[in-house]
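Presented sequentially are two complexes of subunit A, the first with subunit B as partner and the second with subunit C.
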Partner chain A sequence: MSAYHAYDAIVIGGDTSGLAAAAYLGKAGKRVLLLEAQDKFGGRCGAANLGDGFSAARGAHTLYALDPRVVSELKLARRGLRFEGRELALTGLRGDGKHIVIRRDAHDTASSIAVHSQRDAETWPRFRTELFDLARAMRPLWWESRGDLPSGAEKQKLDRIARMGALAWLDSWFESEALKATLCFDAADGGLSVLEPGSALALVWRAAQEISGLQGAVAIPQGGMAVLTDALLLAAKEAGCELRTGMRGESLILDGGRVAGVQIQSGEACFAPIVLSAVRRLSTLLPPAALGIAHQRTMARRASLLADVGVLLTLRSAPSFGGVAVPLANRFVLAEKLEIYGSAEMAAREGRLGDELPISFVIPTLSDSSLAPPGQHILSALVRSVPRHPVEGWAVLKKDLATRVVAAIERLAPGLSRAISNIEILSPDNDEGPITVPHMLTSGAERVETRIAGLFRCGANAEPVPAISGRAARIAAAIAIAGQR
Partner chain B sequence: MSAAPQIRATPFHGRAALNNPFNRWTARNGFTLAQDYGDAQAEALAARTTVVLADISWRWRIFLEGARAGDCLARLMTKNSALLIPGQSLKALWLNDGGAVRGAGVIARYASDQFLLVSAATDTAWIVEAARQYEISVRDVTEQEGGLALIGPHSDAVLKATGLVAEIPPLGFQKLFWRGLDVTISRWGEQNGYEIWCKAEDCFALWERLMRGGASFGLRPAGLAAMDILDVEAGIPRPARDYVPASDGFASDPTPDSWGLESLIDENHASFNGRAAWLENRGKNKAAIVGIEIDSETPAPFAPLLHQDGWAGHTLTSVRSPFLRRAIALAQVEKRLAVPGTGFMVTLPMSLDSLEHRKVAASVSDLPFVEVPSARPEVL
Partner chain C sequence: MRYDAAIIGAGADGLAAAAMLARSGLKVVVLERNEKPGGRCITREFHPGFHASPFCDELPPIPSEIFWALDLARQGAVFVPSPVSTALWPDRAKRIVAGEERLYAQSTMLAATALTRAAADIAPPEKPFFWRRPPPTSDVWPGEAWATRSLRDLLAAELADSDAVALVMAAALEGRAAHPDLVGGALHLLARPGGSGLVAGGLQRLTDSLLAAAQTAGAEILCGLEVTDIRHRNGKITGLRLADGAEISARAIISTLDLKRAFLSLFAWSDLPRAVASRAGSFRMAAGTARLLFALDSLPDRPAFANADLFAGPIHIGPDSAQLGAAYAAWRAGTVAAQLPITLRFTSAIDTQSCPPGAAVMTATIGCIPLRLFDGSWTHEKRAALREKVLACIEHVLPGVAARVRACEVIVPPDIEEALGCTDGDLWGGEIASDQMLGFRPWFDCVAPRAPVGRLYLAGPSTTAGVLGTCASGIFAARVLAADLRAGRLK
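Coming up: the complex of A and B.
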């Protein structure tokens, strides 16, 4: 049975980006339909029952890229979004106990670095100033619809850094391997290799973000990631959007070079002159080659071999780390040597797990105890350079990965394995290919627009580096409302 | 990747060699072909007055097969081949993402899920990529089959004399069983003739049959030089011969407009690849394709054209037309000068007549230079 529905705009995908886009369109008076394939909104930021009284998102547990204007314009604070840990320090854990703690305070950070290298400790404040200055100069390009590249001295710096791998860039500043290996983790975002151009720029992009008023900070929302979803959901509802779950978009309806609507898997067809897609599988919603034969070929060639994989551990007690005392409400990186980035990546390209893997983790329950039963904890880890196409298949890889992650953390937190009540390995996101320097240096408008008139990207993959941000949704909605295409 | 043989022979090569008294050969699309069979001028004139036979096996031919072959070609080509019924064909371009011409050819629908693409230039990479995206198969039959073109006012009569009777409208084609041979007869060419295609192993038999049947009509083989004369007389620029098609997926040159190929685009076909870019660049190019009559009998291929002592364009393929008894050329000139009668100066290459370069007058002429005579019924 088919039915006919007409809207001003349709948003595909009810994750945070999709909800933000719908809220913006609704606020502007558009008749908006939002389609979510699952039976709940929020995607990886939605509340999920992990069993045994644990309730947390099956995904990341920190926010670092959420656009402050999205927070204020959609009144997310009034709708319940609060930050608990507002400024997680980055801690590079080391077997010898000489952990590196990178805080906002440059002096504290320098004294932590000085244990490894006095020279690096002296260089740190200059590096941080230069990084943050360049990052702020990049904000017009990364934050606005048609922002410009920086000019003058910042432009020269950008030209140099855009051509560099993060490792080469950090090498030009620092001598301590411990420091460089810790900083490299964030550079390996979006399937980038720390040796490739683009990874240095990914570090700058990180530094350009702002959360709860602090540049380059990482925060944990109070009540878990689901609070963000709920706040956005409320904003979209109050903006008058029609929000529907269990509606999987099957394909886009095209009329010549324009989008005309969305065909739903159930047989329904919904029509609108504007469609915003927050889903990563945008190309699968289109007829083959709809974005261009050469374009599609380029996409196929760029297929990524590496994935970032989330691992959730539920713990009966908090872990404790040996060595220099560090506060637990931190973001930890387990990558003592630089070579593990290369070796893990090489193994992943062959379909295997590296012997050592770069891992980062947080324990969100230390900041927000509502996510777990009293006294118990969640450890949310992110593992880089996991093979996307494991030779032995995903079932074997998952088991192997769980063992390695637990062993790696236990080396620094003895007794961890006894405290584990459950391990869950999250499947990697759909592949859109590794991010590229040209993609990071295009304006917001170019990132959200597609070759099909009326069709926009508004999800994580329209950001310079994939992240929960809402910025692409804000830009795409603004262009759609202005009717520029 | 294994290296392709440098020189490939067509299935008619043995017969062509027997008829090639001066052993003059040339190459097109990777195949060795007779340049002429003694006298290119006489062969071209015969195509206008009696009838000739030409080896066209060098043309790139691929079958696109699969459930989504129609969708794939609708996306690929600048005219909607989904509207064809089996037995019908169309001529169209294929453009890259940047709206530049990648190729031109004929699409013939054999069945609901089977199409043949015929083109003067090979573009495997592009078509195979499109086929991959639509999950259809591509089967190259260029070397498995041969083809002969029958051109001239007596072509109908020759067919009748050989017992090959078919009512085929222009751009139509038919598969026939012809006294033991499986052949396809088509009317895809611009010279109002016929093309007869068969398996490579049947090619000698096809040649013999046509030559025997056409003997009393003066049927003679014509080489590639004569075929190029006919093309230029008809005002048709060809990929790879006159212009270099885009080999990049995103380049914006050559535009259809700059090569006078816009007639091969159906504006109402809304979903072809490169359409948005084509519309965006439309009318922006500054060159146009014209015919040039040269005040000489010596052709001037790929020579600069001067207008008021300034560079104003260049010639493309240039030939002596036996029909007009003068040298003619296709040329690309500045748009403002593309008016019949506009005068240019063109430098002729050295020849037996003149041992040094000469500058002679040339002027823009209407295209085609020669109206292609329609095949007429037997008048005996």
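Coming up: the complex of A and C.
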């Protein structure tokens, strides 16, 4: 290797994916430089001070896609990552108190479904088996760098499900609107409509994940999401990576068809034969001439009109759901009717907020009191189908959104608004265009590789469905290391 | 008396199948619920002196080999292709000449390829049946990309002019309920609602010539007889029971009904294999068509900016993709949108005999009209309100139409369901979606024409051939049935 390169590899972006990629490369004995534009690591998973003694990430509060192999290979458990709520039950909240609680135990779940439909309660175990079986058959494709599509009967099922919207798929199983509306929430991931092909596959993808040994589980890390960032940071540091904050990569330095390094905004240039990018819009770092016209077209995917928006409420006391016995340490979905998804989406496409919005929320402080002052709580909500380009502008929309979210939750938890001490609306992630079925059905290697030799994607956009996973980082690092050998 | 084949439904597919089977010397009977054959291919007098085809003006194209094999031209069915289609806004017009538009040509070619492929599955490949070109050998079906894209994406990538995008979008979604932004919507361009052009003398001419072809060959056509049950013993079909209690014995049956009617109303639910019943039950319909037939005193004035041949082809009223999206949202919610997707045809311009001299017949095909409104069924008042809304939309781009209206008939999805017996009034036999099209129609392990019930053959709009070409699905079913009979598989 020539002395010309200051590093063996550069990782752009210091979020969880970037840190994981750096740790893997460092572990393999590479000299790694990680560039983070902000002044701290972790991105949306980093610790943030929300004021008044609240300290929680400005972003998601649950983990469901973190690769168990990343946890073990980077020794994250030894570095502080523990799960508090090991599995959150999915609860569809309803005004009439007939909440649907979906847990691992099929019998318990069926009895909560039976309130709405006996037939659906009987169907549930079959549906779950089919979903989990197909999900396991999809793991090679989604977990490995060169995994194959399933074959035989599972292939047939996949062919069909990949072409279906989640709504149509659930319709073919269940009759209860309450159940379908609850399940649909997870399908509308990544800017997909529940009417569009791909959304049913997104449900399968969720079911293919594994957290602390449980397939399809959703968990809360003890000490907040910052613990994950800290553990990854520690892993990267111990692997000997050079980690630098406040360094915004401006453009990539190319040498023929190869990547040669990164130009930093401050004027500095760093050289390395391998660059891994965890930033969302990789194309912004590339000089236009580097991409063929055809490739530019594929990179400039259809702009997404819909966004998922996080809302953080800090509460002076725990909310209560109208005296109905619901364990609060659950993941809640507020979408009583199926038509909410359609109408919210259609409104969002026109740049308006729907009259009713699909909302899901967790209260992480119930399982982990370290995030808030004693007795106080954080409610972290995710709202689907918010217009990305609101006609009235973001300032108006944020205000409107806050009112709607509080009103929607308060309808089921009276007195909530009196307990609120602060509301924060998080801006949506950068637009990457909605995910597509072909993207979900390509192998890991194809998702991380780019047209430019030595340049790899390793962030959320290289996952089949964007999520905190570390899997793309693991695959990208492995391919980069193998390619150099 | 035992027939070799009984065909349910005397529409274009049923009659073509009957003609084909009778010609090969089989004893065939066609059973039609209505008093007259034809299904959607009929023409009637909707106002004294004014004739129109109530359910559609154009059909998907008839594969040319079927057209010539059945000798339809000599029997009087002459298709007049629309020379032009126009999108008309209050201030401008966009005109596309048929055959000039690459996307149209491409979609027609792809539809033909899809049909050829489907035919290749049932006929030996050395004897190509439709379009003498052999089926392409590549494993990926050429339209696969269309199934994974939205209509807007596809058009935006192919057409530079936004008016042209709006025009082609409106043409592909004519009379349908679909959103241009949803993935899979590009299939609507493949399975276009029209494309055949108008038949001189109205669609009744097509029925008449098919009827003549079938009867000449010796098929029996019985009208006014409704089939209520399919009789079967030991999983094999033995015949049909009619509404009047009579029974007809047949060795095989071709159903041209839509999937839901075929399985869920002709069989007792408990008689069907469980998988078949649940698949048929979860097959999605997407009814959204309303038709308005207008008798006009005279042709309206042509806007000065519009092309001279404006009235010779379909006119899409003020198409706009945002408006199509809003109309779809309204359809899902069970309401009628403020701005409706409307396509006008001045059929009397082609068919001068259809109305008194000087007068004109105008048909409006409207998409995104719900089967049931959120506030109840379609009443007389609601139909009148729809008529006024449509007229207001037309008046906006063609001033003076409202004053010329002598009479108007409003046809909404429940009327279509009642008249044609198609579930929910869906003229296309089920939603055009990526999991319900091509190799997945009617469902993935049921490849039409063979149904998963012995001796039953599927034709009609719920099969891929049924939405891609007129008569094609009937001919497919007839060929497979005849082959099975010859091979002794139906003993």
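Keep in mind that, in the parts below, the second predicted complex is superposed on the first by the 470 of 485 C-alpha atoms of A that agree within 3 Å, B and C clash if a C-alpha of one lies under 4 Å from a C-alpha of the other, contacts with A are read in each partner's own complex, and residues count from 1 in each chain.
We adopt the following convention: a contact is a pair of C-beta atoms (placed from the backbone, for glycine too) under 8 Å apart; a residue touches a chain by one contact, two chains touch by 3 or more.
Everything numeric in this text was worked out from a predicted model, so none of it was measured.
Student: With both complexes overlaid on chain A, does A:Val437 touch subunit B (first), subunit C (second), both or neither?
Tutor: Only subunit C; A:Val437 stays clear of subunit B.
Student: Count the residues of subunit A touched by subunit B and by subunit C, then name the partner with the higher count.
Tutor: Comparing subunit B with subunit C, the partner touching more subunit A residues is C.
Student: Taking the superposition as given, does A:Asp159 touch the first partner, subunit B, the second, subunit C, both, or neither?
Tutor: So A:Asp159 only meets subunit C here.
Student: Could you tell me if A:Pro150 is touching subunit B, subunit C, both of them or neither one (first, second, both, neither)?
Tutor: In the superposition, A:Pro150 contacts neither subunit B nor subunit C.
Student: State whether A:Leu195 touches subunit B only (first), subunit C only (second), both chains, or neither.
Tutor: In the superposition, A:Leu195 contacts subunit C only.
Student: Across the two complexes, what residues of subunit A are contacted by subunit B and by subunit C?
Tutor: On subunit A, the overlap between the subunit B and subunit C contacts is residues 297.
Student: Could you pull out which subunit A residues touch subunit B in their complex?
Tutor: 254-257, 287-290, 292-298, 451, 453
Student: Considering the complex alone, what residue numbers of subunit B touch subunit A?
Tutor: 68, 71-72, 75-76, 96-97, 126, 129-130, 133-135, 248-250, 270-271, 273-276
Student: Per the contact definition, I'd like the list of subunit A residues that touch subunit C in the complex.
Tutor: It is residues 156, 159-160, 163-165, 168, 171-172, 193, 195-198, 297, 302, 305, 339, 342-343, 346-347, 349-350, 436-438 of subunit A that touch subunit C.
Student: Residue numbers of subunit C touching subunit A in their complex, please.
Tutor: 147-148, 150, 153, 157, 179, 181-184, 278, 282, 284, 322, 325-326, 328-329, 332-333, 433-435, 440, 443-445
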